[in-house]
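As structure tokens, here come the structures.
Two complexes, one shared chain (chain A), two partners (chain B, chain C).
Right after this comes the complex of A and B.
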């Protein structure tokens, strides 16, 4: 068979967006935006040149982490972070269960659903750090503000995913329980809960991970934990200590992530 | 099924005796740990501050309502900066993450050692929060939008890279083999065998991360890395709650819109 390619015609891969007007419009709009955005980034070469020296110091500091000269501060900061995480995850999950159930359309009437979804949306919109600042203003510096922040964040996360899970459950089992004349609570404990419990445990562990990670950050605005120690060490130009703290945070986060993902895999 | 016999009556039970005891023991230990941790927190808390928290909160809310609408005019510039930090940061992160992901995926990596280095990059970037990146970068680059962009970008490498390489590992090998069988070069295999399969998830993940980054970029300003966080910090420091509530309103709307955009783009892609 001879090859019969028509002259001037070539195959080209199909485009992601069919309509050429929209395709080119998006592309040109994107380029205009990029140019405008890049132009509005002010770069101060003098400051960066001076900063490079400090960047060098940071790098040197990071290759030689110093775990010992501020050992007590680091240990108490890490313990505080862990303690905050444990308490906040526990309280957060306890609050999330009723809100998660209330956010599942197949179990509750519309008004309850809307209220619970509003709580979830509010908790998920704001970055933890903003919430932390507000709690620090209200409750003063210290771990309690951090715990409240993490509880606030956990509620949005866990109850949203729990609600989605409950909406996906097998309705037949619920109906079977209901057919025996069970009350609403009995329907919940014997029809719904067994189906979502493994997922709930998995979610709580996952949120524990996230809370630990966040607890390292909210300390920067005064809400307790290792973040406060880290911030102080950077302010004092003690980069060796800062690097030790960062390495410890990374190790701790990775360790909990390994444990929690192993447990979650066994649950599924 | 465990059944409890009460005289002549049989009562069905969910657990038998050992299971019930174990479950109670588990709850007991868990509660003890939480209470112990709570004790530590309570010791480190200044309860006199907590006692007047409701009063503080009501002050805060009373002074925050209504929001200072006139302040909105000074917020456009920081808002534009915030959007730029999120968008340019995401682009930067994705640009680094795509090659890293191809190096980290089991089916495309050139060598196991390269794979581990790429995985290390991904894990390292994921473990450090963007606010901590910003804290370090502000020291080096000075305060400004640039530090924010880099901080967001560095954090995004890990998140998007992880999801990218998982997507690459999950592809169907048949089209790749078919393209390779035609005698295509490595670059051609990549662009005609791999790319069409992973492109939707790369776009989807990037848009998803962009929407997370909008949220993150509202706070990098707190440590001086540009965006609306600088105004927030300043307003809180001088206790102008009507400005704070205006900023929070703007942040809420921005996040709401970006979430909507990201959700609709992802729905189109699937």
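Right after this comes the complex of A and C.
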């Protein structure tokens, strides 16, 4: 290797796209598209003015939250949401564990892996609200549809992350357990479970947070819980009550988040 | 949702029940020809070949007999197939062809349930200890008995009292009697390897497969660990196959040395017979870390390479 070093040799970082025509063409094309897209948005100043006025009303309502006039509805909605969350998280995690194990390529044969990954992919394809609408149509209005929705969402979330965690475990520990003559289930409980248990508990708690938030959203499409109460109050222009509900949801979510992060920290 | 679906509960219950059957009573077509005559070796390996799916040949027609109670060191450069050889014996790695017999039992022919039974007789000690880090010392030691208990016994950590007694005795013997409940990841390297040794011995094995037991230990601890393994093997009359990088350590502790080079045995003899020539044969001329004895042989070649790199 003979390399002569010339003084003053120019250097600039290599471009992401080598061809300058393509590089500049893409950039200019992108700008033109953006301008056209912005022009196509029909901005109606009168509509905005009216909207601002209503927004102002909502804001006024929101600074005066009314916890009491619909107290019973709020309490029953909150309890329903909490019950939905607890039940759905528990069922979801129980279903997620075998699917997560089946979705780990280092533990199972290829066909099992593909089936489990398919289930995970299906569950993750659709946003909760869409699933909720489907379940409301199938099972009618109410918390059952909500629970089913949250279970469905939890399975995709927990089993995917669990499977990925299992795929990253230390293979030597599993190998050592296999070398003792342990059965497959013993290999799982001694070699794999101790390595992923903190993560599994953490994921479950994290999913609990998410389910609580989601339970408020899916209530709007009729799947029960505090979301339904919130939706009703907004439709009745009772912004003070809506404000109270939102504040309670915020407090509840923050409280569970605090608890779950504290628990997760202790597990490490 | 008319009639309740019974499929899932039935599967669940049958899994529960299957867990109660101890391994001993599981149906096994076991031609356990336990004709242990003094003549037959503890372990016999016949024309063992391993080819990885990538096409790399790790072992090529290896023949090897290990008699009862012998401590045999397996040396050779990285990638020579030492780890593969050890893992083919308990079939953590599936051999491509060839036969392996333990006490006349053909390991290479066993089905998965029989293999698990046979693995109880072959305990393994690992390079990075391979302890389950989040379990306690005692749980790690007791995991050596997993092949002997059923699933629910192991799940609830209800091992037979005799096993627990033996586990405490072993912990005492390896010098860790005072912390059975410490988590494995809280121990030092040497202590962890002692737990690994106790786990292996609780299997009540006939042979110890030891894979680089000292590679991550300091020289003094390495010697202590090797001495402990050899003492315990002698007390119990176990055969030992130990993969080891450190040639002086191998010479100090083994009765026989087998040198592996590119998947073939190139040396098989006593530690004292390991001459410069034998070492060159095992590790090759272009080895970057030649043994001290063979330095004179290697230096011209090394000087040549070094010179080329600099220019």
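Everything that follows uses one rule, which is that the second predicted complex is superposed on the first by the 241 of 268 C-alpha atoms of A that agree within 3 Å, B and C clash if a C-alpha of one lies under 4 Å from a C-alpha of the other, contacts with A are read in each partner's own complex, and residues count from 1 in each chain.
Here, contacts are C-beta pairs under 8 Å (C-beta built on N, C-alpha and C of every residue); 3 or more make two chains touch, one makes a residue touch a chain.
What you see is a predicted model; the values in this text were computed from it and never measured.
Student: Quick one: on chain A, after the overlay, do chain B and chain C clash, or do they fit? Just give me the call.
Tutor: clash
Student: Counting only touches as set out at the top, which of chain B and chain C does A:64 meet: first, second, both, neither?
Tutor: A:64: touches no partner chain.
Student: Taking the superposition on A as described, I'd like to know which of chain B and chain C A:191 touches: first, second, both or neither.
Tutor: After superposition on chain A, A:191 lies in contact with chain C alone.
Student: Thinking of the overlay built on chain A, is A:19 touched by chain B (first), by chain C (second), by both, or by neither?
Tutor: A:19: touches no partner chain.
Student: Residues of chain A touched: more by chain B or chain C?
Tutor: After superposition, B is the partner touching more of chain A.
Student: In the superposed arrangement, does A:106 touch chain B (first), chain C (second), both or neither?
Tutor: neither
Student: Let me test your reading of the model: by the given contact rule, A:182 touches which partner, first (chain B), second (chain C), both or neither?
Tutor: second
Student: Check whether A:172 is in contact with chain B, with chain C, with both or with neither, and answer first, second, both or neither.
Tutor: Touch partner of A:172: chain C, not chain B.
Student: Which listed stretch of chain C (152-160, 224-232, 242-250 or 296-304) steric-clashes with chain B in the superposition?
Tutor: Only 152-160 shows clashing C-alpha atoms.
Student: Could you list which residues of chain A make contact with chain B in one structure and with chain C in the other?
Tutor: Chain A residues touching both partners: none found.
Student: Of all residues in chain C, which touch chain A in the complex?
Tutor: Touch residues, chain C against chain A: 19, 23, 90, 92, 116-120, 122-124, 126, 128, 130-135, 139, 143-148, 151, 154-155, 196, 199, 203, 209.
Student: For a test of understanding, state which residues of chain A touch chain C in their complex under the given definition.
Tutor: Checking each residue of chain A against chain C gives 170, 172-173, 175-183, 185-186, 189-191, 194-195, 197-198.
Student: Give the list of chain B residues in touch with chain A in this complex.
Tutor: Against chain A, the touching part of chain B is residues 30, 33-34, 37-38, 40-42, 44-46, 49-50, 53, 56-57, 60, 80-81, 83-84, 87-88, 123-124, 127-129, 131-132, 135-136, 139-142, 144-146, 149, 192, 196, 199, 215-216, 218-219, 222-223, 232, 236, 248, 251-252, 255-256.
Student: Which part of chain A faces chain B closely enough to touch in the complex?
Tutor: It is residues 13, 16, 33, 37-38, 40-44, 47-48, 50-52, 54-55, 58, 79-80, 82-84, 86-87, 90, 125-127, 129-130, 133-134, 137-144, 147, 213-214, 216-217, 220-221, 224, 227, 230-231, 234, 246, 249-250, 253-254 of chain A that touch chain B.
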